[in-house]
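Below: one structure in structure tokens.
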Amino acid sequence: MVVPARAVPEPADSLKADSVEIIIAPPTSPVVSDFKYDDGNSLILTWVPSIDDLPVGGKVLSYHIFRSDNGGEAKKIAELIPGANYYKDEDLYSDTNYAYHVVALSSNSRAASFQTASIRPQREWVNLNLKYLFFIALIIAASVIYFIETAKRGKKLFVRKIAGLEAVDEAIGRATEMGRTILFIPGIHDMDDVQTLAAITILGRVSRVVADYDTKIRMPVARSLVMTAARETIKASYMSAGRPDAYNDDMVNYVTDEQFGYVAAVDGIMVREKPATIFLLGAFFAESLILAETGNSVGAIQIAGTARPAQLPFFIAACDFTLIGEELFAASAYLSGEPKQLGSLKGQDVGKGIAMLAILLGVLLSTIAAVGDTETITDILNFITRVFTVTN
Amino acid sequence: MSTKAKEILAITIIVIFCLIFYIRKVNGGEGILFSSLVAWLVIGAMVLSLVWILILTIRGRLISRRVVFIYVGIALALPLFMPFTQRIPISPEVRALYNSVETLKPGSKVLISFDFDPPSAPELQPMAESFIRLCFERDLKVIIMGLWPQGPQQANMALEKVLSDEKMKVKNLQYGEDYVNLGFQTGNEFVIQRMGSSFESMFPTDYRGTAYDSLPLVRNVKNFSNIDYSFNLSAGFPGSVEWVQIAVDRYGVQLGLGNTAVQAPQMYTYLNAGQITGILGGMNGGAEFEFLCKYKGKATKFMLSQSFAHMIVIAFIIIGNVAFFLGGRKSALKKS
Amino acid sequence: MEHFALWLAAFLTLGIISFLYKDNAWYKLTEAIFVGLSAGYWFVTLFWDNFYGKFWIGKGEHAYLYVGAFLGLLMLLRLIPKIGWISRWPLSFIVGATSGLWLINYFSSNIMKQVQATIFPLFSSQYGAGFDAGAATVIGNLVIFLGTFTGLVYFFFSKEHKGAFGYTAKVGIWVIMITFGASFGYTVMSRMSLFIGRIDFLLSDWLGMIL
Amino acid sequence: MRREIPLIITGIVGVGFVIQYFIPHAPFSYMSDWFSDWFSIVGACAIVLGALNLMKMSAQKVIRKKKDWGYALVIIASFLLIVIIGLSEGKDFRVPGTRFDWLYNYMYIPLSATMFAILAFFVASASYRAFRARNFEATLLLVAAFFVMLGRVPVGDVLSGFMPEGWRLSDLASWVMNYPQSAGQRAIMIGIGLGIVSTSLRVILGIERSHIGGGK
């Protein structure tokens, strides 16, 4: 909702004592209605502009909106530019009655509309503007669940190879052979980022292999909550590998929340301990290349992945394998090899299919509409556009 | 001589060098500027040594990272001593931003949000300075805020710099009437959202602790509808994306962006969609804007270093590729 | 004090730069100072801004803040090994809330909005000059449409990249590579300017060598 | 029970936060604001765990006189220094002129700005080593980077000055940024969106449970 509300630099409140009064017609038919699908805190006011409000040579300089609360005195609440014909009033209370009138101003006179009926903003329980979004989300979620269920019942699902993930076992094996550590960096964001969550779930798979091979894993982190979650994860992996005694809390340690302080420390660890394998998975920012280059200079195999498009080129340049965007989120499902996890990847493909179909149809139809202008096609096109338009 | 001895020697030389220059500065020594002959000689030497490296590489000797580092250091530092200036072509998105500020009537209220911290200051501070200067020159009122804790501090530094100018002193600009710094508020994008209904609820006082009501400039500013233009200097989250999604999309604010060069590419989508009036991207954008404002600030000064650094990076990419094609693909693929 | 401050800042700046040469005692010292200082900085900031500023000041007015404090308290139970497992509760709360919020927010901003933005006519009637000219715009529009489409094909997991599908996916990865190249090219600039800022500090603020 | 309760919490809370998106009515309309506040408070409590861990690890090094224990001592000292100053200065610890502000300006800023700035060097060395036309994909990456890099600095337009206005390197760079770059970004963004939906769904459904010490 874009409301053309902009302050007029010179409010015409103080009427200038010009010799000739410029008479203008008042705005007409003001109607106030509830603004739909909110928590009862806004109303929308519409009116027909004054007939003297013309794009060229109009006499109306501005509109003032007046509001009366519960029948009290009307107070000015906004000034709008000429041509305005609606106003959204926000921050209202659902237990108060509001009535409005609109005043048009010329350089030295004013003309007021009638007062609207008095109404209360309504509180709605469901935002029907989001119905299409809800349905599409439902289809994708349902297909994810459907494929998970199918997989649970034992149907084989094909998932193509993802190069970076095929290399995980090999990379861990290499560290084991060389007797060096594996460094796992989960990005610098906290647990309120799904990328960190994805990194932790991958850590679950990696640490399981690590526990089996009896390799050393080292995980400096930048957030205390990530430290807690990572410890739980690694501990569980060691338990399920049947070696709880080999687990040690010091595998994960907190360094500092500060982005570059963390980088300084991790760089130090890299050059001093020379890990054989480095995982850089999660939310990365400017530090991505500092870490990846330092890791590269100590000769480690590096597997990186992030959903930050700006950092991906650096990982591609400096790491051996890079998981691009969606692949990062697919990784834990893929590595687990569990059918039900793989099922969720199939669900994602359904989502992609919907997106591709919509794009294909949309572009085709809008091109035809732009060239030929057929009404039916325009109607279908408008429908597709409306389905994918998100209004809050 | 052992490596250790060499290192100690090098450090000693550096310390002595620094001490000499520091004492010189304290005693009022002026800065150094090369004559154009010296500058050209330096450039020539750099080019020659690059050619030599190219020859070495073709012969199969890949240079180490440290050599690359040294070149970058030189390419960034030496141009600051050189007396050259370069012609700056103005990109449309920068001109659009300039025009949108220029068409504002005197007395219009401009909201500037400082959403960055010192590490990004080299890119964004020059933009901040020239933008504030432009506002004051055109008699616009400036309201400053920050979504990053260090933002308002950066704003104060920029204000101090702009106001110390003779031209500005004549205008006798008053805090609270011509400009105001509302300070920082936690809450990221929620701050913008809540500002949509009331500025005062988010900034009950300015950064000095003066109550919102007693600041003449903002006393009548209730929410975004009282703002004529806003400018966002951003280095990440929270920043431009949030301003566009909330202030522009929901409240119809007119917005211009000043971004780090890393962030700028993502903002072009918004520019194409007409959601923002223009972008200053990176130091380059800053220099272009300074040119339009007819003011030679730090962005213009740093641009030469910038261009040199680019050339060095490109030179090394070329050297790397030449080595790759001529020096046998397999050996070049091995990690240097 | 002014002299000391400048020299201290310069000492720390050069200490970090020395890492480019190799790991050394100077860097190790600066690194240790940095780690301790920044961890402390965040400790103080989080205490005053979040705990004091958000909770302590606001708790009278907003009772819901107690939920946060309660979750935080459960988190701290980790310090007592016997009942440390309770800290999984606040953790699962955070993970649940994050998943829920991100699921729906990204669905709307990354999927719906991007699809909607890609629905446009290939031919446009607004022509500019040069690369903005009609042909370039039409080609550009085609590139956006085909690039987005093939890029999505690349991410398909259910099908092996073979045959016609494989070729389409190949075009997809080409577009993605161009994207990375372009962002890289754009980024190089920004990264260079960062160091210019430090040189400006060393040579101008500290040593006064630059005009 | 130790395993089930966290799963139930995750599931219920997750579903709740999905639903709130569709309900404009209070209290659902406040839920995301609330979570942001709760998370800040939990974060403030949790950093105690992190700080204690950092102190413990450093102290162990010092006591056991491990290699480089002197630096561990520096970590402890600098941590305590800034914490004591910061806490004693009260809630206005950041105001200019305080001792905390001094530490921030003359130690914290140089350190973090320089660490950030050495990225310039790594960009160069990565370019030298990694941007080689090994295959067609790598060549595309290289070529796109090359044009945008040149097109974004004045030198680029000097080099292509012989071309008519509108066809110079800077225009080409803008074209690449506006079209192929946007296309790739969009595909990646849609993919990421789907990845997040599916990962979140797995977490909410309790299929993915490693973050709470899951396993089977």
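Letters A, B, C and D mark the chains as written, and numbering starts fresh at 1 in each.
The criterion applied here is as follows: a residue touches a chain if its C-beta (ideal position, glycine included) is under 8 Å from a C-beta of that chain, and two chains touch if they have at least 3 such contacts.
As the structure is a computational prediction, the values presented were derived from the model and not from experiment.
Visitor: So if I look at the partners of chain B and the partners of chain D, which chains show up in both lists?
Guide: Neighbours common to chain B and chain D are A, C.
Visitor: Going by average Cα coordinates, which chain is farthest removed from chain D?
Guide: It is B.
Visitor: For which chain is the distance between its Cα centroid and the global protein Cα centroid smallest?
Guide: Nearest to the common C-alpha centre lies chain C.
Visitor: By number of C-beta pairs in contact, which two chains lead?
Guide: Counting C-beta pairs in contact for each chain pair, the top pair is C-D.
Visitor: Nearest whole angstrom, what separates the Cα centre of chain A from the Cα centre of chain B?
Guide: The answer is 27 Å.
Visitor: Provide the C-alpha centroid distance between chain C and chain D, rounded to the nearest whole angstrom.
Guide: That gives a centre separation of 4 Å.
Visitor: Roughly how far is chain A from chain C, going centre to centre by Cα mean, in whole Å?
Guide: Computed from C-alpha means, the inter-chain centre distance equals 14 Å.
Visitor: Taking each chain's centre as the mean position of its Cα atoms, how many Å separate chain A from chain D?
Guide: About 15 Å, centre to centre.
Visitor: Please list all residues of chain C that touch 2 or more other chains.
Guide: Only 10, 16, 19-20, 28, 30-31, 34-35, 37-39, 41-42, 45-46, 49-50, 53-54, 75, 78, 88, 91, 94-95, 97-99, 102, 104, 106-109, 111, 114-115, 117-118, 145, 148-149, 152, 155, 176, 179-184, 186-189, 191-192, 194-195, 197 qualify.
Visitor: Which residue numbers or ranges of chain B touch two or more of the other chains?
Guide: 65, 69, 72, 76, 119, 121, 149, 186, 261-262, 265-266, 269, 281-282, 284, 306, 309-310, 313, 335
Visitor: Going by the contact rule already set, what residues in chain A reach two or more other chains?
Guide: Chain A, residues with two or more chain partners: 137, 140, 191-192, 194, 197, 225, 228-229, 232, 254-258, 260-261, 264, 286, 289, 296, 309-310, 312-314, 316-317, 324-327, 330, 345, 348, 351-352, 355.
Visitor: Can you list the chain C residues touching chain B in their complex?
Guide: 3, 7, 10, 20-21, 45, 49-50, 53-54, 109, 117, 182-183, 186-197, 199-200, 203-204, 206-211
Visitor: Please give the residue numbers of chain B that touch chain C in the complex, ascending.
Guide: Per the stated touch rule, the residues are 18, 21-22, 24-26, 29-33, 66, 69, 72, 76-77, 80-81, 119-123, 149, 186, 245, 260-262, 264-265, 269, 273, 281-284, 298, 302, 305-306, 309-310, 313.
Visitor: In their shared complex, at which residues does chain A touch chain B?
Guide: Touching chain B from chain A are residues 1-7, 9, 78, 90-91, 260, 285-286, 296-297, 299, 309-310, 392.
Visitor: Chain A touches which residues of chain C in the complex?
Guide: Answer in residue numbers: 16, 19, 22-23, 27-28, 30-31, 34-35, 37-39, 41-42, 46, 75, 78, 87-88, 91, 94-95, 97-99, 102, 104, 106-109, 111-116, 118-124, 145, 148-149, 152-153, 155-161, 176, 179-181, 183-184, 187, 191.
Visitor: Which residues of chain C touch chain D in the complex?
Guide: On the chain C side, the touching residues are 5-6, 8-10, 12-13, 16-17, 19-20, 28-55, 58, 62, 64-65, 67-69, 71-73, 75-76, 78-79, 85, 88-111, 114-115, 117-118, 128-133, 136, 139-141, 143-152, 154-155, 172-189, 191-192, 194-195, 197-198, 201.
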